[in-house]
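As structure tokens, the structure follows; a few thoughts come after it.
Going in written order, the chains are labelled A, B, C and D, and every chain counts its residues from 1.
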Amino acid sequence: MIKKVRPHITQNEPLLFERSSPGKKGYQLPDLDVPAIDPTQALGAANTRAEIEDFPEVSEVDVIRHFTRLSTWNYAIDLGCYPLGSCTMKYNPRVNELVARTEGLAWIHPYQPESLAQGALEIIGVLESMLAEITGMDAVTLQPAAGAHGELTGILLTRALLQSRGNARKKVLVPDSAHGTNPATATMCGYTVENIKSNDRGVIDIATLSQAVTEDVAALMVTNPNTVGVFEEDIKKIAEVMHDKGAVVYMDGANMNALVGIARPGDFGIDVMHLNLHKTFSTPHGGGGPGSGAVAVKKHLEPFLPGPRLKRDGGKWSWNYDLPQSVGRVRAFYGNFGVLVRALAYIMAHGGPGLRVATMDAVLNANYLRKLLEPHYQIAYQAPSMHECVFSDDRQAKRGVRTGDIAKRLIDYGFHPYTVSFPLIVHGALMIEPTETEGKAELDLLADALISVAGEVEQDPEMVLKAPHSTRTSRVDEVAAARRPILRWKPQSTASLAAD
Amino acid sequence: MIKKVRPHITQNEPLLFERSSPGKKGYQLPDLDVPAIDPTQALGAANTRAEIEDFPEVSEVDVIRHFTRLSTWNYAIDLGCYPLGSCTMKYNPRVNELVARTEGLAWIHPYQPESLAQGALEIIGVLESMLAEITGMDAVTLQPAAGAHGELTGILLTRALLQSRGNARKKVLVPDSAHGTNPATATMCGYTVENIKSNDRGVIDIATLSQAVTEDVAALMVTNPNTVGVFEEDIKKIAEVMHDKGAVVYMDGANMNALVGIARPGDFGIDVMHLNLHKTFSTPHGGGGPGSGAVAVKKHLEPFLPGPRLKRDGGKWSWNYDLPQSVGRVRAFYGNFGVLVRALAYIMAHGGPGLRVATMDAVLNANYLRKLLEPHYQIAYQAPSMHECVFSDDRQAKRGVRTGDIAKRLIDYGFHPYTVSFPLIVHGALMIEPTETEGKAELDLLADALISVAGEVEQDPEMVLKAPHSTRTSRVDEVAAARRPILRWKPQSTASLAAD
Amino acid sequence: MLDTIGVPDLESLFSHLPDDVRIQKPLNIPAGKSEYDIIDYFKARGAENANGYASFLGAGVYNHYRPVMVDTIVSRGEFLTSYTPYQPEISQGTLTSIFEFQTMVCQLTGMDVANASMYDGSTAVPEAAMMAVRVTGRDRVVASRAVHPEYREVLRTYAQHQGMPVEDFGYDAKSGQIDLADLESKLDNKTAAVIIQSPNFFGIIENTKQAAQLAHSKGALLIFVFTEAASLGILEPPRDADIVAGELQSFAIPPSYGGPFAGVIAAKEKFLRQMPGRLVGESKDTHGNRAFCLTLSTREQHIRREKATSNICTNQALIALMATVYMSVYGKEGLRELAVQNMSKAHYLAGKLSPRFTGPFFNEFAVKTDGHSAGEVNEALLPKKIIGGLDLERFYPELKDTMLLCCTEMSRREQMDEVAQAFK
Amino acid sequence: MLDTIGVPDLESLFSHLPDDVRIQKPLNIPAGKSEYDIIDYFKARGAENANGYASFLGAGVYNHYRPVMVDTIVSRGEFLTSYTPYQPEISQGTLTSIFEFQTMVCQLTGMDVANASMYDGSTAVPEAAMMAVRVTGRDRVVASRAVHPEYREVLRTYAQHQGMPVEDFGYDAKSGQIDLADLESKLDNKTAAVIIQSPNFFGIIENTKQAAQLAHSKGALLIFVFTEAASLGILEPPRDADIVAGELQSFAIPPSYGGPFAGVIAAKEKFLRQMPGRLVGESKDTHGNRAFCLTLSTREQHIRREKATSNICTNQALIALMATVYMSVYGKEGLRELAVQNMSKAHYLAGKLSPRFTGPFFNEFAVKTDGHSAGEVNEALLPKKIIGGLDLERFYPELKDTMLLCCTEMSRREQMDEVAQAFK
């Protein structure tokens, strides 16, 4: 029985272009206090355009209604649990939005004198040291813009280190459970990828690994806890094996929400890792970013970090550009500063003890769900779960219903689905990460919904296959979208739907 | 056919009290930097309470979800046209919200030294003079908190004036089309109310009025344009009739949105009037306030205005409390300052010319709707419409469908209904005020919806009587609510509905 | 659109207005400004007011921390840009939150019913008095001089033409609490209500029980007024009062130079039908789902017109929502902890000074400025970016060289020490 | 919950972690702070930075007015707290706005297709270069020295291990535009792409047509880079380019010390399958309603893994939404008027100084500081609360005593006059 939602009306809304009518205005500029210049005269006709063809013309009220109506078509954390595995969709404290908008922080230019940016530098400095403490690493760069960008940085560092030792090597080992960004990153750094098969406990098999590690191997990209939510208990041994062969251990830290305050990668043999500040440290996901992919390293990798590096002397912060061994910039300026501010605010609000409690609650919630769901869904691996629990759709598949269908039906129950069919090593995976900010009531509703769906799969698989049934947009034809891509509005193409 | 909305799911949400569980916390206070005091010791057990019985205990994420979910059950201007007659539901520019939150304006104490409040006083001073210019009156007080409060102030002023002339008189004349606050106000000021019957053109009949005006009559409370949206063309004559008998003419300015920049009450014989800043000057209605009921008067009433009065000398603003003839304060401090800031921002954004254009567009929109709807609904009066048009449900009533039912059905079409069964002189009134901030597209949808409903009334009145059909909450039993009032949650009373 | 209407131009829409009624020259208001200019203008005005000052002013307006959650919620267009919930089917968000507001106000005050809000505390007082008059059929009210002076002014303004004589009674010069003897002497069988405030204007906690006994013994109602809602986190609620008229500014409502605030009236169930203002009640929809709606509107002006319990229409809904969110964020524990912090700070500062009254106080207290005048003490504080207390002589001639100081959770120890210094 | 799981306490949930893996002592991070303390802390940090200064810095980050509407929209929880729209049935809000973003970017740039965003302009450049390599099957890229120096650094970082040699070509010392002869000399049949920026780092508008002809004549693609999106309101879009890699910071994205910003890649339709990043496409739902969804994801890492077009996953959606709202507010007329204001201000100031280059410019230009060094001029401005321009020698040793100045609609005439003064 559906307990969490009821149908209501939502406003339709055309595309902005379909709302547009010539001459409508939503802005007013201050009066120009200097002589106006004629662009064509000043720049020549060849350099100027007559108009931005088909660009929208709408009023201020059109704009607010357009986007407000659109927003009501979205699901969001503010509306309910968002158990998207591997994405750590936790509550985003609003104070972080406020402080990030402080005039002295939001309106400072990256090239203004360092003497007029000491507050910003202090924030960066403090965050770097707190992340070093949390990860147990020696140095941190905040330049990368997201996790994948952090991976790129980390593997470039790896390569630079090995290069400095005379041989950059050829291969990067990636467990078959790894996130797609791992192999993609290795390739971008000129390495070939060798997949490591996980064992029947869902973790890296030391024997398999040992065999794979040759003089050609530059690094292992390990995710811990891994993407099936299982902690790699042999991590120290794994690191040993790699280090013995002179290879580097890179840790994908996307799952740090399971470890903060409990275990530190720096203490279990990791050389370099990235953190997803937008996951573990709760900066809003914003429909797909922005993020920050801070990279933490051990001493031996520090000389290769991207520049500039922050330094402090005589009580003053400044940027150091004199870094002979640096791999070079991975982006302009100093990173997603606005995201860094939010992450630091989050850390300050929790404090050391609070961060640890958050981690424990995250693991508690995942294990609670696992317990409630295990009778109804096939758990992927028996090993204990950390911050997320992963099931397979084996039982439901027998009735012709796959994880993606169950996900769609879950929408009718008022939830955003879990992560579908990732990791790849789990056949038809349901990857569920509740995070610590969900209360028991919401978790019970989620379990209740998934159990109810499991029942529906038995009684009426057809109905489940057609879900969702209660949303303003029913199942979308993604195949058609890819077969005949329409990636932009054009005057004719969608006019017929204007009333929509 | 319903073009404006589609059904979607909305989250259910229990009452905060039903979400509550002991020990949950949504706050953290700064550390106490002085010795903590034991309340019972300091104040005595008799003066202290053990706890606030049954008060909610929830987390921060509970709070944001609770109110976010609740908000999705509301209709609002940001979602679409809100043609609630007499309420002037126009778009509320968001810059007004920003400036009202400026630290130096939002965080100043009414008793702080005037030398440290000059900016606030300047805002009040400028707004007073602009409203005087707009109304054509001589002086303005911004103390009243809303329209009805302004009426109270205005009638108190009237009484004080007449008193000073030796006789406060007994009666206030109120047209039968007047808003309920008018007669209620007269009573609060110790006057008896005499209703003036409107003529068949929906306006005040000079003959009827002349008869009613005796030496006992203190004032006439006239609304212009009146509540049927018709301009009292004889207003000057009306004022003459009153003035000849030494009576005062009070104007209810709730409908000033039809006159700003076009005609000024001060120019057509009004002695005292109020403005609803939250209507004409677009301060957000916020689910029912706050508002501001600025009162504007002619010279002869100025001495009686509530104190303190703003004065300026030597380039400095200050409050003058020495007002021997003042009727006294109508509220503490100086008025709804935060609302005044928004109103001034609105006036500045439009400027004189812009305000006039807004008025013309408001009247344009009302007349456009009238034209489209006249074939389908019975217009209440033939007289030309100003900012709103009022119909009666005579034709639909024949099929057993009343204005209230049509309103409910309009909800299914994605609109907030017009004002229902007001004014009382129109049998089953449909009072429609689109305001100037609606575009043609939205107006066409509204007309289309109302016309479609008119058709449904003919074909399937039963269906209309059961509307709305598509909202998460169907028709509410208001009779039961009044028969057995439940005005607060109690531990038992609603526990059963916790899942709701 | 003009074509549809059948007029040549916009002007023609007004052609039926007599010439001598139409405006003669354009409004003398400058042309519209850009958003950027407007923000600039108000920032400049704000800069002309006190900025970054610590303040020890209370006296009805309190400087409490305002959680970020409050604006997060009230800024949602669905709350900000809707109006009075006349149509419950598309207003359940507002209606539900008001029902919660009414409930929390009852829980705080110990009353049975509360309305959806009044303009502010000062206007709630006369409305409460008028309510008592309707309930008792008597006309006279007596009010403590320790009730906020401006509230009493408003009471007099409202009362003057309703045949509702208002008389004050005094306070005990030593304790700062109401003078029970004087109250008793002012009571008679025409008295509809006794009005007291607690904590009173001097921050002193009144003996509500005794005041209630006295009032009831003479068949009058007790109207209990509060200006510092934060005190209800720890103080015994006025269970013996008949009507409570209060101001919720302390609950996340910015001082904003005196408004908009949110007043409220709460009362014993039996007086329900005489309450002014909007009330939200619980009911069901046709499917049996719980639903809320405005109710008992037969009390109100739009139905009852000249016989209405009040003329109030638009009230302070959005501001009341701020208070509702605030109460939700702090909750049972939070309001208590907050009250304790406020008390502790006030008692810390009072400990360094010589309070004028002996009665128990919450977060406000009166002190003699001894050597110097209150004005001098405040002058001395301004350079330190501290706004001192209220000079009580302004409202109480008998209280020369006496200052009312208020401390909240926002008052810092260093600043309080500065204040103490200034008295030296 | 512990009972359900069947463990005695929270600790036990971690008992399977080897002891030597678990943390040895508590994190050395102070206890949690209150919201109020946190706001205080960041206000204090903000106060340590430049506040209330007028700035003439551009160089890739521009100081444009940010309409209030932008935060009004992006602060709505439905946009702020949702993630990548994997589930289109409950993500149409995000998907529709991205589709509009893609469309507006195409309209601005004259390209056929645009993606949902890249991290920023600087990372969009190497992604565009890699895209060109995939398209042409060639490996070499040549980049104008007048492309933002930090963008070129990033290009080199990305390129170094992909067997993608990067070579610079010069600019004309007089005009400040690319040196066509030098470009031609650097082109060969291994060249996958020519990269230029316009307005370039010196603010000069490049001759994109000629650059395109040269590139195409050698079978290379032209990659057009922009850092000042506001220029596209008036400048001829790069219709002859094959790929456009740009930064949208100018569109309501606060400078925020360098990020988060929103990069974008747009291209000719035929290169679609080689585009990196997310793409939103139009489709229908089972009821035939128009619906949007992520599409062509077979290019992406989560499907293609080591063969993906890029490793990008999380991008800059919310920031892209800011730009979308900005473009909606200004619209066709607004962006043009805005561009004219920017130009007019810059040309006003340039008129009072001696520009270093002769090429046409938009809102940025280089000037010789003559007598004094760039540093001296800036020093002289600081006391006037003005942050001057960028010392070009920092990136271009050959440009001694040369400053890059930027004016936007926010630059006030008085301030520009002050700047001119400082050169005297």
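Everything below uses one rule, namely that contacts are C-beta pairs under 8 Å (C-beta built on N, C-alpha and C of every residue); 3 or more make two chains touch, one makes a residue touch a chain.
Here the structure is a predicted model, which is why all the values come from computation and not from measurement.
Participant: Determine which of the two chain pairs, B-D or A-D, is joined by the larger number of C-beta pairs in contact.
Facilitator: Per the contact counts, A-D leads.
Participant: Compare the CA centroid of chain D with every other chain's and tell me the farthest one.
Facilitator: Following the centroid criterion, the farthest chain would be C.
Participant: Need the CA-centroid distance for the pair chain A / chain B, whole Å please.
Facilitator: Roughly 46 Å separates the two chain centres.
Participant: Quick check: how many Å separate the C-alpha centres of chain C and chain D?
Facilitator: 50
Participant: Could you work out how far the Cα centre of chain A sits from that of chain D, in whole Å?
Facilitator: 20
Participant: Counting only residues that touch at least 2 other chains, which ones in chain B make the list?
Facilitator: 6, 24, 27-30, 60, 64, 68, 72-73, 78-79, 91, 93-95, 97-98, 349, 411, 471-472, in rising order.
Participant: Please output the residue numbers of chain C that touch at least 2 other chains, ranges allowed.
Facilitator: 32-33, 35-37, 39, 67-69, 72, 75-77, 289
Participant: Provide the residue numbers of chain C that touch chain D in the complex, in ascending order.
Facilitator: 35-36, 39, 65, 67-68, 72, 75-76, 410
Participant: Under the touch definition given earlier, write down the residues of chain B that touch chain A in their complex.
Facilitator: 3-12, 19, 24, 28, 59-62, 64-65, 68-69, 72-73, 78-80, 91, 93-94, 349, 411-412, 414, 437-439, 441, 470-472, 499
Participant: Under the stated contact criterion, what part of chain A meets chain C in this complex?
Facilitator: 6, 27-31, 64, 68, 93-95, 97-98
Participant: Would you mind writing out the residues of chain C in touch with chain A in their complex?
Facilitator: 32-37, 68-69, 72, 77, 289
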